[in-house]
Every structure is written in C-alpha cells, then in structure tokens.
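Two complexes follow with subunit A in common, the first pairing it with subunit B and the second with subunit C.
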Partner chain A sequence: MTKKRRIPRLLQLVLVVLGIYLGFVLTFDVILGQVIPKSLLTMYMFFVIAGVLMVFTFTEESAQELIGPIKALVEDPSKKMVRNVVFVIVPLLAGVYTYASLMPSFEAPVELRTIHPAPPSSVKAFGKRFDLATLENPYRKFEKEDPDKFHKLVKQGGEIYIQNCQYCHGDRLDGKGPYAAGLNPTPLNFQDVGTIAQLQESFVFWRIATGGPGLPAEAAPWISSMPIWQDFLSEDEIWKVILFLYEYTGRQPRSWEHE
Partner chain B sequence: MQKRNSRIILGALFIAVFALFLLPSLIPGFDASLALADETAVTSDVDTVADANAVTYAPAPKLTAADYPSIPGVNSRVVVWLAAQLHLWFGAFVLAVPIFVFIIEAIGMATRDQRYDNMAYEFIKVSITAYSLTAILGGLLAFSLILFYPDLFTYLSTIFKGSMFAYALLFFAESAVLYIYYYGWHWLQGGFKKWVHLTLGLLLNATGAMLMFLANAWTTFMMSPAGVDAAGVFGGDTWAAIHNFLWNPLNIHRMIANVAYGGSIVGAYAAFKFLSARSKEQRAHYDWMGYNANFIAIAALLPLPFAGYYLTAEMYAYSQQMGITLMGGVFAWIFIIQAVLIGALFLSANYYLWCGLGRSEGAHRYTPYMKYLAVVIVGAFLVWFTPHTLVLTNAELKSLGGPYHAILGPLGIMPAKNTAVNLLILFTFLSFMFYRRANKTATVSWAATGNAFQIALFTAGIINIFILGIYYGYFTNTVYKVAASIPQVMTTLVIIITSVVIDVFMYKGAKEVAPLHWGRSRVSARSQYALFLLAVSFTWLMGLMGYVRSGIRQHWHVINIFRDNSPDAFTPGLGYAANVISVGTIIFMSMVIFVFWLSTISSRKSTTAGYWKEQGT
Partner chain C sequence: MRQINLLKLLVIAASLLIVSPTFAKPGDVDRGKGIYDKRCTWCHGDEGDGTGAAEERLNPPPRDFTSGNYKIKTTAFDEMIPNDEDVFRMIRDGMPGTAMPGWSSLLSEQDMWDLVAYVKVFAEFEEAPEQQVDYGTPVASSPESIAQGKELFEDGDRCVECHGKTGKGSAIKRLKGDVSERTWPRNLTKPWTFRGSNDPKDIFTRISTGIAGTEMPSFADPKSKKMLSIKERWHVANYVASLAKTQKVVNAENTVIKADMLEGDLLPDSPDDERWEQTIPTTFLLVPQIIGEERFFKPSNDTITVRALYNDKAIAMLMEWDDRTKSIPGDERAEKIADKPIQEDGVAVQLPVEIPKKMQKPYFGMGDASRPVNIWHWKSGTKDTAETVAMINSRGFQDIEARDAAEVGLQAKGSYKDGTWRVVMVRPLTTADPENDLQFVEGRFIPVAFAAWDGSNNSEKGSRHTMTTWYWLLLKPSTGAMPIIMALVIAGLFAGALLWWARSAAGGRKPQADSKEGTA
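Here is the complex of A and B:
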C-alpha cells in the first residue's frame, strides 16, 4: 500500500493565506468591479492569518508539524545552504517592502474624512436658532394625515431638487450629477443605505441649510463644496426637498417613533 | 471563642444590613418616592413649611481657565483620567469576583464537590489584594478631582451629597462583609455555618452592586443630566438625578461586563500559575481553574454585545449629537479598534477551547470540524470590524467613483454588525458544545433525533438571523432596524438555551470515550497565552471604550449644562488617547502581575537555620 503524499503543513498554510488574499482581490476588483481598499485588505489579511494560524496550531501534532521545517532550517547542520539563502532573501524582502512604503510619492496623502460629523445641539439659520434634538419636519405629519397634500409637497420638493441639487447629486439621487466628477469629496449618494437612511431629518436640514462652511471642526479636512442653501432656498423649500429625498429613494428618516 | 466569632459575624451582618437600610434615608429623592403613597395625607400647612425650608441651589458655575488649579509639570487631565481608569479596572474586577465566587460556592454546596469550594476560595484570595488597590486608587481619584477640578467636584457633591455619604458607609459595610467572608472561609464550613457563609456572599454582592450603581449615577448624570434645569440649578430631587436616562443601561452593561472581565483576570491568574507550576497536580489544578475562568468570561461575554448595543442605542435616543459623535463622528475609529479587540476576545476564547480538546483522546472525532468554525468566526469578525468610513487612496477613490463602496458600505452599518456578532456568538457556543462532548458519547436511544433537532435549530435560527439582519436592517425604517436586533438576540439565546437543555438530557449517563486529563503535556503553553490575551484585550477594550463614553461629552463637564473651560477642554487626538489608555493598560497589567506574584510568595517559606536564637525548653 502506498502512503498518500500530503502537502507539508507550512506549505498548506502559505497556500491557504495566498488563496484567501487572491480570493479577495479577484472577487472585489475583478468580479464585482469594486476595488477592495488596501487599508481594509491589510486589516482583513492580518486577522485571516491569525485565524489560519489558530487552525494550524490548536493541536500539538499540527503545531509541531508546522514549526518542524522552520526549526530544522535554523538548527539542522545539513540545511546550511538553504539557511543562508533564506537569511539573505528574508531581510532583502523586508528591505524592499520598507523602501516601497517609505518612498516619497507625488500622490496626495490619504485623508480620513468623517462623513457623518456630529451635529451641534442647536444651529442658527434663517435668523433664528433651531434645537436639533427636537426639530421635526413640519410636513412629515401629512404623510398620514393628508396623503394628497403630502404627495403635492413631495412633488414641489422634487422640482426644487431638479432646479438646484441634481447638478451635483444626480437626477437619480446617486451622487453622480453632471458636475460630480469635478468635486472631491464627491457629492453624497442618497441611495446608499449608509447616508440619509441613517439620519434624522433635523440632521439633513442642518447640512442643507448651512452647507460645507457649516461643518463642525471635527469634519476636517473641510473641503465640502456644498453651498449654504439658506442663502438661496427658504426654510419651507428645504423641508420639501427633504421629503423628496426620502420619498424618491424609498428610505425612511431615522426616528424613534413606531409607525 | 466560637461564641465570640458568631457575635462578630452577627455584628457585621447587622452593620451591613443597617447600612443598606440607611441608604434610602440619606438620599432625599428616595424619601420623596417612598412618601408618595402618603402624599394625599399631607396637609397644605406642611407644604408651606417645606417650601419655606426648601434649599435653593446655585446654577452650574461658569468657569475660566484660572479656576482650575495646576501643578507645574503635571497634566491634570491625564492624572484624573488614569486614576479613574485604574480605579475602574480594579473596581470591575473586585466587584465581579464575588458574583461568580458566590455561584461556584453554591455549586460546590449543591454537588458536595470540595474542588469547587477550593477554587472559589482561591478566586476570592486573588481579589483581596486587588480590593485594597481599588480603595487606594479610589482615594487617588477623589483627591485628584478635588485638587484639579474643585468646582466640578463641588457641583456634583452638592447634588449627590446624600448618595456620596451613603457610598462611603456602604464601602465600610462591603469591607466588613468581604473580610469576614474571606477570613471566615475555612471556619464557616459545613451545615448551617456554610449557609451563613453563602449568605455573606450574597450580602457582599448586594453591597458591591449598590456601590457601583451609585457611582454609575454620578457618571451618567454628567452625560444625561436629570433633576436640574437648563442652567444646571438642582431641583432638590436626588432620585431624579440618580435615575437619569442612561443610568440603567450603564448599570446593566457594567454588571455583565464586570463578570466577563473578572473571569478573564482570574483566567490570567490561572494561566500564570499553570505556567509556573512545578508539579503535575498543580498543573492539573490550574488547568481546571483556567478552564472555569474562561467559561465564566465567555458566558458573560456572549450577552455583552447586546447590553452594549442597548446602551449605545439609548445614548443615540437621548442625543443624536452624542450618538453620531460616538459612532459616525470623531470617535468612529475607536469603535473600529473596539470591534477588533472584541473580535480578538472571541478568537482567543475559541482558541483556548480548541486547544482544550487536547485534554482527551475522545476529542479527535471533532478536531476536523474546527476549521469550519474558524471560517465562520473569522468571516463574521471581518464583517464586524469593517468600517463605515473607508480609508481610500486617491486611486481607489477614483476607481470607486466616490467614497461609497457598493459592497463594503452596507457592511459598515449596524444591521450587518448585529448579524455578524450573533453568528460569532453562536459559533463560539458551538466550539463550547464540541468541547463539552469531547470525551463522551450519548447513550440515550433518541441521541440521533436530538442531534438532528439541534442541527435543525441552528439552521433555522441562522436563517432567521440573516432575514432579520438583511430585510429589517436594510429595507425598513430605522426604528425597525434597531428593533430587529432584539429578535436576533432572542433567536441566539433560544438556540443556546434549547441546545444546552437538550445536551444536558442527551448526555445524562453518557459513556466516557476517553478520560479528560487536566494539565497533561498536550495542553500547550499557547492556550495559556490565549488566556493572557483575553485579559489584556479586555483591559485595553474597557479603557478605550471608557474614554469614548466619557469623551463624547466633549467640552462639557455635564453635557449642555456645565462647560469645561480648563486648558484641557479639547478632545484629544485618537492617537494620543490610545497612547494614554495603552500606558494605563500596561500599568494595570503590571499591578495585576504584582498581585499574582504576591499570591505566590504568601505560601513560600525560607529556611532560617542558625538565624534565630535557639529557645531553651
């Protein structure tokens, strides 16, 4: 009976890790067409390696089998040649990696921007002060009380949106308006589940009314191109646009009340 | 002599019970609440007299930088920060240990297995030294607050004077009960005496819990003030100030977290003793102790994410500003670190269990399955820490057409995380189930049916968790998104409880396939380091999240009421804050190792031949 040849544990480990790495790149970058950010991939791979090491070392036999070749490489006199080669290649690889990481580039540094900065407790707009903790959309009640009126308001909001907002945020509210490509950060995609669906209407009101210049200090780097809409729209018009944003995207504003 | 000791115990019990009953009378609000039933009987004359005697309180002071004393070369914020954090770490540990010591002692009494009693005693022994360190650090915190933030301390103590006095008295009561509980352990053994001892344990826990609840009230008052008006003028109702919006959510979260934390620290103690053990018996004992400590830590860790989610949801409900600062704003990246550390906790707890399979030859049947558990656990962990705000290079930004990632974006918000953490918990539980079955085979006739039912239960439950997470999480109103987490939790709990019940009956009288060898050489040192990792991760995590909880007040001592105008009023950078917490963690772990070391020298004896003068007979 011939003994079934097994791939050595150490090689198995390397192949599993490489396979998962390539799996991530292939799935995201090629199949789905959405690149996986390098920063996130690094974090993912760190814990994938931790998980793989856990599986490969939780039994004593497996751990010994894994460490065996490494121990032999360091201790076995017959492996002198391989040892010397490895001891040259590993520091060289580390050097190349360090050089590549530290080499100056012309690319702008990565900026960690807070997409949803915390709102202030109250905000000054239209010459008065609004308490954001209690502020509500005055038209939201018509959704139940008078649906016809509500739809009219939404329609009016839609018209205001098309006249003022779609140039950047797009006619499908996906943040891909005609001017969007020229802006950084790009305009907000309201269809995304992580944007207006996560927010109360008072937050959206604050962002529209005071625009980019109204962002708090923590939202740095302050580079938003959002205009101060209280200079161009009335308070009523802003509330109507907000109705439209939620209605068109099929999202519900964040609220603590059950329907 | 015995009669005298009984009197001492009765006296201590009396003082402790007296302190517990005295507490309500020291808090004016308690009087008001208790007197509610008699309110109708109170005449208007009495009201008039009460009004005349009513104390008027000053509004929250408006301070300037000059109102904060300073010592050259000392950063007052860091001093108070570290003193508070170290006090809290030790406090959490010493409050937690009596909870599970009480349970282990009761198990020992029920099973009449003395090993449990010995282990419970060893646990409380470790906490005794930590108890004095807690008190010392509490004193340091109080002194630093009075010294560096006198106006804040005065303002808080004006509102909470009754509860602060009660706290001091309760501390005496707790110390008295703790010392009798510990020093009387071997004396109060057998029959009625053991019941007295167990009752002392209960009393110790009651006083400990009340101490924590009172301190929690002061903390949560600063985050969600109640019983004061917009200018900070106290209305006189202390109960209203104590029972503020975030008090109970924090009480629940801290209570569960303390048990998990306490378990992890005694687990580290067991690992320390295991690694330094010189005999087979010692290795076996500390291996068993480590296993139990890890079990306690995991048992409390499983419901902890839900308690944390409840606390956070309540913070959001109390203030949108605080909620967004916490999760989406300036602290969002600390939440990612938190997610990573929680994942590390789950990974190390699972690894310890998998390594534990080496204790029995019977476990070989299950080792091939562990890799599948690992796939789910690591996969769920990756979703758990995927950030909402991605760090993108310009090339990536251009390639994606904006900062929104169609696939990773939805993984960055809570419904995905809730689904992931439920899976993480369920599969950790599965690891435990495999471990439990390692050396046994069920002999009941319905074993196959029982297993099939468990598989069906897990499958149906996981499908339910996915439906709740995906449908309610992404396609409904936010209120349902948040609410859907409750049936998700319930599903997880139903699976766990039902499986445990089935297993208990199925493995009654089960056949032992191979014996369980505690402390054998196949129990690797690696598994013990996993226990250390658990303790360090817990400590670091508590520090970071404690900072976030406190930091979301930003430039306020008491949010929106009492402004912080000290030179340190700014919110520090994340790196700076993480460094302070990391230094705190190192100081704490050094102190803990010192406590462990003390436990080893207490039993050591040196030969002193020729040193002492021979005594003539």
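Here is the complex of A and C:
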C-alpha cells in the first residue's frame, strides 16, 4: 500500500458538501441574482448530503475510513483534549440552534409578485371597450411611412414621459427614478429585455391606462403604485409615450405578425 | 529581491487604481450633441437653458448650462469655469437628492466625455480654468478636529445662519437660487442628499468654492468676514461629516416597525419621554403624492422615522421627521419664511380596518371599496388654535368619512425642536366598534403607511403631501421562557448522549478507568 499524503476522507466529505453549497449560493444569489428561498436550499442540501454520504460509504473500506476519525476521537485516550473540546462545543451548538429556531424571527411576510399578469381579452378605458387582441398603436405605421412625423411623435412621447413617468421609472427608463426606492413593488425597468420587449403595445396601453388598480385579481401583490393614467393623459398621449419607451430603449414591441 | 520589488510595484499600481483621479479625455462636441439630444434635452432643454419639458415639475430645477453655474466644481471660488473632470463626475454619478441620475450604466466613458465637451459650449467655456482649490495639507478627522470644526461652524453664526445649530437646515431665512427658485439649506445630518458626497474632501471643496447658483458662499474668499483658513476649513469639513445621523438612513431590508411590550407601565404619551430612546427606530422614504388628483411634485419632507410601544391596553407610536420649518398659520415669522398661503404641518398614520387574512391589503392610497382604512391625522395647529388629531375612515380618495377621534380614544401630542417634528399618537388596542376600527393583535403583521405635510413648502395640504407605501407594524409578542428551556434541554441531551457514547466505548476497553465516577 502506498501511503500518499491526501486529505482525510472526513474532511473531503465536509469540503464537498460545503463546495456544493457555496456553488448554489454563487450561481443563484451572485451570478443570476435570484436568491434561492431558504426552504428550497434546505431541500437541495438534504439530497446533496444524502448522495454524498452514499458515495463516501459505498464500500466497507471507505465507510470505515470515514468513520475512523470519529471513532478515534471518542475512543482514543490520547485525544482526550480534543474530545473534551468537541463535547463542549457540540451540545452548545445544538442548544444555540434550538434557541435560534424557536425564537420568532419577525421577518416581514414574503410577497410574491406576478410581473406580467395575463391580460383580459378586452378592457374598458376612456369610457369604451378595447379588444386587446386587435388593438394597435395608431402611430406605429409612421415608423416606415413617414419617419419625420414618427420622430416628432416620439419626441412628444418623451416630453410626456419626462413630465409624468420619470419620477418612478427614471430618466434612464431603468426603473430607478428619484422616488423608485420608496415604492413597493418597485417600478418596471424598461431597459430590461424581460419587460416591454416581451409585450405587445396593446398590453402596455392597458397597463398604463388602468394602472395598478386596473390589475386583474390574480396579479399579486395588488399594491402597484402605477397611477390610473386615463385620469391624467389622453389616449393619444399614452400611444406616444409607448412609442418613446420602445424608441429610447431600442426595443421592438411584440406583434402577432411574424415578419 | 525581484519578487519583493514586483510586489511593491503591484501594491502601488493597485492603490493608484483605487485613488486614481479621473483624467480628462478630449470629447467630441458633435458626438456629444447627438447624445445630449437623445438623453439630456428632456430636462435641460434643446438650448441647454434648463427649459426642457420637465422644468416645471422638478425641484431643484434642471441646470441652465448657459448660466455657467456648476454646483460641484474643484476650481477656485473666483474661477467660473469648472474642470472637465467636475462636469464628468456630475454626469457619471448624477446629483443625489435630485432627478439627475448617474449615467455610467447607460453611457460609455467616451460618451460622457463627449457630453462634457458639448455641455461646456452652452456657457461658451473655451479656455481651461486657471485657479484650483488649494487643499493644503489635509487634516484627518479626529475628536479634536471635529470639536474645532464645531466651534468654527457656530462662531459668529458662520454656518448656523442657514444650516441651524443642529445642522438640519432649520430655516430662519428664505433662500433663493439663480433662477429665483426657492432653495433650502442642506440638512447636514442626511449625507445621502449631498449633491457632491459627504467625504470630508468633498465637503472641504464645497466650503472653499461655495455652491454656484445658490446662496452658499465661499469661505475661502478673503473678502468675506467669515473667511476660514485651509486648516480651519478641514476642521469644519470633519465636523460636518460627523453630523450624519445613521438612524435616519433608510434600510430597504427593514420594513417592519417592531413594537416592544411595556409590562404594566403606562405608555409614553409625550414625544420627550425617555423610554423612546430604548426602542428600535425604523426609517422609511417619503415620496410625493403623484398618483391621484391633485398630483404633487415638489416635496420637502423625504424620510420619516417611526417607533412603537404597547402594553395590554394601548399602543403608542412616535413619528419623527426633519422639517426645516415649523409652520404656524398666523405666526408672523413662520408666514414670512413660508410659501404662501402657509398651511399647518401634519402627519398621518394609515392602517387597514381589518388585518388582511391573506396577502391582499387595501389600496395604499386611502384604501378601496372593499377594504377600508383608518387614518389618524395630526395637525400642528395655528397661532390661535391648538394641535388637533382627526380620525377618518376611507374607501379611496372619493369616499371619506370623518370619525370622532375622542370616542375611539385616539390622542396625539407633537413637539418641534431644532428642525425635527416628533409626534406621539396613542390609541387603545381595541375599541367598541370592531366593524370600523382596527383591533390591534400582538404577533400579527399589520400593514401601516404614513403621510406628512410641510405647510411651509408649496402650501402642502390635502392631497398635496408626501407618503409612504405599505410597511408593517408588529406588536412583538413576548416569547416567554420556552426557547431558552428547550435550548437547555437539547444541549443537555446532546451532552448526555456523547458522554454515554464515550463512556461505553471506554468501558469496553478498560473497565476500571472510569469507575470512580460511578456507572451509568
């Protein structure tokens, strides 16, 4: 038998489990920016530990190697000092953990958010009904037909935006306006590929015209600060703002036709 | 040896990277115009004169570049022209506390240098500035330096004249900006509103240059009676940096006001009660009411700090917010400093009539048809009338019902000192009318929102006010001794099991060793 210097099996096990845990945290919390819920992470780690234990105790020999140091700690008289320390620390940790898990945390309840609720087939605004499946931006056609006129409409849309929307959605259209931090849920970031680029103009029109209070019943958490813009803006003004949103961010609205 | 040298070199290179000043790069005026017309014109206007579409609804108003005034500059006080790096910095980092964002997330560095080149054209700045701020030998912050700074700050009303003794800018003067707009002295206890950061070096620069386009003068100007030496300016800068009040900082994570239980004691019914000191403050952002008629765009209040205590009978909440002006209609001094017509200051607490069983709360703007809210509204009073507290129930802006506060047992008491309002409201936990009044229950998360009015600022009244979104109020239940008992039991069990294991293992090997301790 060659005695290679290597990491003890027990430490290996701990390192593997810790590595996977940090991997999860790094991938989700840091790289993807989507924090894993604690309960989900606990479940993942349960399976990870079970799996790793299975691998590490696959043969009798490997199991012995794993348990060896633990047995030695308890049984080997020469390890008395270490044993005493471990025997104090382990019950203490168990006690602290019990205390911490029994103390109420007083964390705020988690509120899930539906970002893009399914639109109804038709909506009421400006005292009439709009069929969202056929509704189109009446100014969109000028993009090709009359670029000069289109440019003017975009400019007007921008002026309406800056007078009304920038407080929350921001000068950069990134959802970080001067008052954004004081709102919950936070204002939508139009620069993000997951927002207006995924939507049809009719959907955006609906969300602007009827605002937070116009959200359907399933659109948790129902507390959007989005004003009911039909109270402040005309239909035309809303369509111009929509032109501006797409133009400024360089995004294209989704459409039924595939070109 | 070589290695050590390399290491040294690396350290020097790294420290250079960290502290490296931004070196000006030449910008292209034509490219700058293209970017300006897409990004900046909305506020600053096509001609750079600050008359973009947003002009009327912004406070402070957008900079008029043709005036040549730049608030943040590092050239000497008598030098009009800023350094390119100064303009670059304002574009890159934005102006905290204003609508001007930092553009580095959207624009490249070259884009921003091109903008610098174009923006300077509006004021016809063609030559490079000659005089720079002289920083001398910086004085590091220390208790001695701060103490000296405080003395200079107060001496002869040097800074106190506008910023007030506590630095909160509690106004005794009406100040004006260069487009004759109303300006407020900076509240120095809120460093996140400093346009140019609260790093002592930045503060030193502001003290030395003054702030162009405002009434903030230069304290390096030898013609000023209040002039300070370089060393003295460092002391004042260190003192100003030390004024930051951390409990007023908004922590986005902290959305719960935790009310502690006061056993048996009477609740504090005055803002000056010492027991408030022991409670945990929670601070929220106030945003102007821009969602319903009449929309309000130019607020002055920006944060509110809340504390709460309760006993078996009632709950007391302390609302604290910095307000530079005590607005008392009828009072000559207050009227003089206020925008006309002056109104009362005020604060309101909004609570749902019923604690939501599931997630859905009432609409945060005064409730909705199926989910009404209670609103407790305190007003500061006028010269001839005392402070008042009103109680209303509402189901939205349109559907408001006045209630009798005294009947519900709602009381309020406010006090104003050194630029801060502190108002206590007390209400019994339960009332005789559970259909119309929130019944407080400990251990439940109760939605709560706030509103505030500064009667001296743009006549804030009615729907013209600042407000918060929903946060939470929690009456912290006493947990009793259960957790500590369970913790001791579990720790004991673990210790017992380990001892038993060790003993049985040892017992198998050499039975005599442990016999003197007795056998299990």
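Keep this in mind: the second predicted complex is superposed on the first by the 157 of 259 C-alpha atoms of A that agree within 3 Å, B and C clash if a C-alpha of one lies under 4 Å from a C-alpha of the other, contacts with A are read in each partner's own complex, and residues count from 1 in each chain.
In the analysis below, a contact is a pair of C-beta atoms (placed from the backbone, for glycine too) under 8 Å apart; a residue touches a chain by one contact, two chains touch by 3 or more.
Since the structure is predicted, the reported quantities are computational estimates derived from the model, not experimental observations.
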- For A:108, is the partner it touches subunit B (first), subunit C (second), both, or none of the two (neither)? both
- Task: State whether A:90 touches subunit B only (first), subunit C only (second), both chains, or neither.
- Result: second
- Query: Now for A:126: first (subunit B), second (subunit C), both, or neither, which partner does it touch?
  - Reply: neither
- Task: Could you say whether A:171 touches subunit B, subunit C, both of them, or neither, answering first, second, both or neither?
- Result: second
- Have a look at where A:99 lands relative to subunit B and subunit C in the superposition and call it first, second, both or neither. second
- Message: In the overlaid three-chain picture, which partner chain does A:184 touch, first (subunit B) or second (subunit C), both, or neither?
- Response: both
- Message: Using the superposition on chain A as set up above, list the residues of subunit A that contact both subunit B and subunit C.
- Response: 107-108, 112, 176, 184
- Hey, which residues of subunit A end up touching subunit B in the complex? 28, 32, 34-40, 43-44, 47-48, 50-52, 54-55, 57-60, 63, 107-108, 110, 112-121, 132-133, 175-176, 180, 184-187, 189, 192-195, 197-198, 200, 202-203, 218, 252-259
- Give every residue of subunit A touching subunit C within the complex, in rising order. 71, 74-75, 77, 83, 86-87, 90-92, 94-99, 102-104, 106-109, 111-112, 158-163, 166-167, 170-172, 174, 176-179, 181-184, 191, 211-213, 220-223, 225-227, 231-232, 248
- Message: Which stretch or stretches of subunit C touch subunit A in the complex?
- Response: 38-39, 42-43, 52-54, 56-57, 98-101, 103, 105-106, 250, 252, 255-256, 258, 284-288, 290-293, 295, 297, 359-361, 363-364, 368, 443, 445, 468-470, 472, 474, 476-477, 479, 482-484, 486-488, 490-495, 498-499, 501-502, 505-506, 509
- Residues of subunit B defined as touching subunit A within the complex: 317, 319-322, 324-325, 328-330, 332-333, 340, 343, 347, 350-351, 354-355, 357-358, 367, 370-371, 374-375, 377-378, 381-382, 385-397, 399-410, 412-413, 474, 476-479, 522, 524, 526, 560, 571
